[in-house]
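Note that the chains are named A, B and C in the order they appear, and that numbering of residues resets to 1 at the start of each chain.
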């Protein structure tokens, strides 16, 4: 579904992504793990069009996304649930969700999806008219996910959904990820929480210092090695 | 007591225009997080379009109003394209200084085309003032108030009941997230600028028609009034802009009556300074910290 | 040097003080639209000192700087909690209050049968010190530039000193600076005071240069201009604001023929410059590169044997 090849994104003279290539398979959950500063968020922002890569290509079902504006990329079917949620704080839960459907004009379809979101995320239903800025971290995360879903994306990108959340909420979030995927959504997930991520992933990748250093399935690497590399990075010296 | 009420009534009238000026200002600030110092001067350009139409074709107030709005929008788009659109995220001060440079450019351009110190504007109404007991209310003031309130309501509806309004509020709320939900932020910002300039243009027309003249100093005057009203009412707040404008108008009208024009201006600044020191978010504003990048 | 050139150079020198004043605040991360207020206070204070109280020029200038510096400290304290746009507008409000207060300020003394002193909107005439003491235009120019040179020297020292680093740290990230144990409030007020003093010195010089000041001069235009000079010339060095003043006053004086179009051209040029150089001509990147280039030259000079060496073998260029 999503085919990234040789992607290079730089901040000034520093390459944050040093030639990243990976595939996200349709209908599956692909997880990208890696330590802080590895470039995971940079990758997400590049796919979403917020950053422009120096080189490389990002193809969504064959269509080239590099060079398109973020709005066009959303139009092609990518939705990003960003790191730190980024809800619209002065707008109500309902308005946040409607904003997620900004590019759609099928009113009945939007209303139906809205009801579906309330069913899937009951807490959002309760707080329907509340200002998003007053929600708790976990509720904002759910709102951000629901908002992204409102555009009926072909690929859902999630950047560290467990960040700053209590373990119970994190478990809830990952349940939702599993559910969404069961209902057919392709998910590309970036995480620091290797343990939870490995439980839902069909495939996972490791990113260290701007490069993909491992591609495979959960179980191919011992979990503690994965966690070590995800949090600390590979030790270059012998061993 | 009678004077106080009369002044307050007059103050509300002119204050409604201040509110409109502040409204345009606050829309631009909310969406760009930057201060447009060329805001007043763009409206002044609109005023000059209007006076040209009036002088050469004897056009009536309605046609002149449209000319003013069109002129303000054209100037506003010019400013947006040159001073705001090409600037990167961290260049907030550069944008402001750039808008200042264009302020001077617009002022001099206006003086070159129409070199006299003052030019006439058609009046809003020529009927005699209405009397309500001991109080006098000018008909043109009433028209100004009515138009200003109608426009403020229109802006409110546009912001809260239209798709475009949703996009603007999303950009005001979180620009990055606005990109992520598929809003074309650059286009929306340009349109917001145009809209804000139109609102400013309408405000400008009302003031100029009541004053029955336009001068090249109008640009700075409009910027200052809009700025003060916006800060008092609350940066980034739409109802705050209106309230701030009304309050400024009332304070000014009374100060001028009891103490004269210089004290009037002084009091406006004292009130502004006091608000900033004690309650920077103004009457109805939200965050005391501006979303504008605070560092140079 | 002809009188016209002396006049232009004097103007450049005096305005540079206000530009440097705004620049100093920019270093600590704050935008000020109000330095013209302290310029005004310095001008009036120094003018009153020489014209009404008969003080010497030096004392008057010190007095002007002291009054404006104190005023800056007084304003700096209540505005401590303000940042960014809020701070900028507070400074603008303050400067406008100062201007209007001078419009209302009357303080006249009869000297030799003539009324001398500030007279509200009519301004303050007859600040004739340099004429009464036979200081010619060129000498005054030298005074302006020696003071300016001293100020520039102070800025250069500041850039290299701990205080300079602290200022820049506060400018980059105030919270971070606070966490490092820096009493940010104290330094911000200090910067405000110094900046006020600088503007006040400029004001005192201005008053004596032109012999006449009126409140109208100290308006928002002057304030935003002062800020703009730094933005145009560059924020990487104290030479930046000077460059900005030079470009504005110097270049534009020399295209007198285009007088009517001056602002149209200049405004457009500034806007376009800021698109490509949002931090001015001599921005931090350029200054850094110049610094590196300079060090390379210095290193090359030393290595190429232009300085006498004790060991001949070394001079043939082998590794040290």
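In this text, a contact is a pair of C-beta atoms (placed from the backbone, for glycine too) under 8 Å apart; a residue touches a chain by one contact, two chains touch by 3 or more.
This structure is a prediction, so every number in the text was calculated from the model and none was measured.
Counting steps between touching chains, the shortest path from chain A to chain C takes 2.
Inter-chain contacts peak for the pair B-C, counting C-beta pairs in contact. Chain B has the Cα centre that lies closest to the mean of all protein Cα atoms in view. Distance between chain centres (mean CA atoms), chain A to chain C: 50 Å. Taking each chain's centre as the mean of its C-alpha atoms, chain B lies 32 Å from chain C. One inter-chain figure worth recording: chain A and chain B are separated by 42 Å, centre to centre, where each centre is the mean of the chain's CA atoms.
The residues of chain A lying in touch with chain B in their complex are 48-50, 69-71, 74-75, 79-80, 82, 86-91, 95, 98-100, 102-103, 147-148, 151. Of all residues in chain B, those touching chain C in their complex are 29, 35, 37, 82-83, 86-88, 90-91, 93-98, 100-109, 112, 220, 224, 227-228, 231, 235, 262, 265-266, 269-270, 272-273, 276-277, 280, 288-290, 292-296.
Chain B contributes residues 163, 166-167, 169-170, 172-174, 176-186, 286 to its touches with chain A in the complex.
On chain C, the positions that touch chain B within their shared complex are 26-27, 29-31, 78-79, 81-86, 88-90, 93-94, 96-97, 100-101, 103-104, 171-174, 220-221, 224, 227-228, 231-232, 235, 260-264, 266-268, 270-272, 274-275, 278-279.
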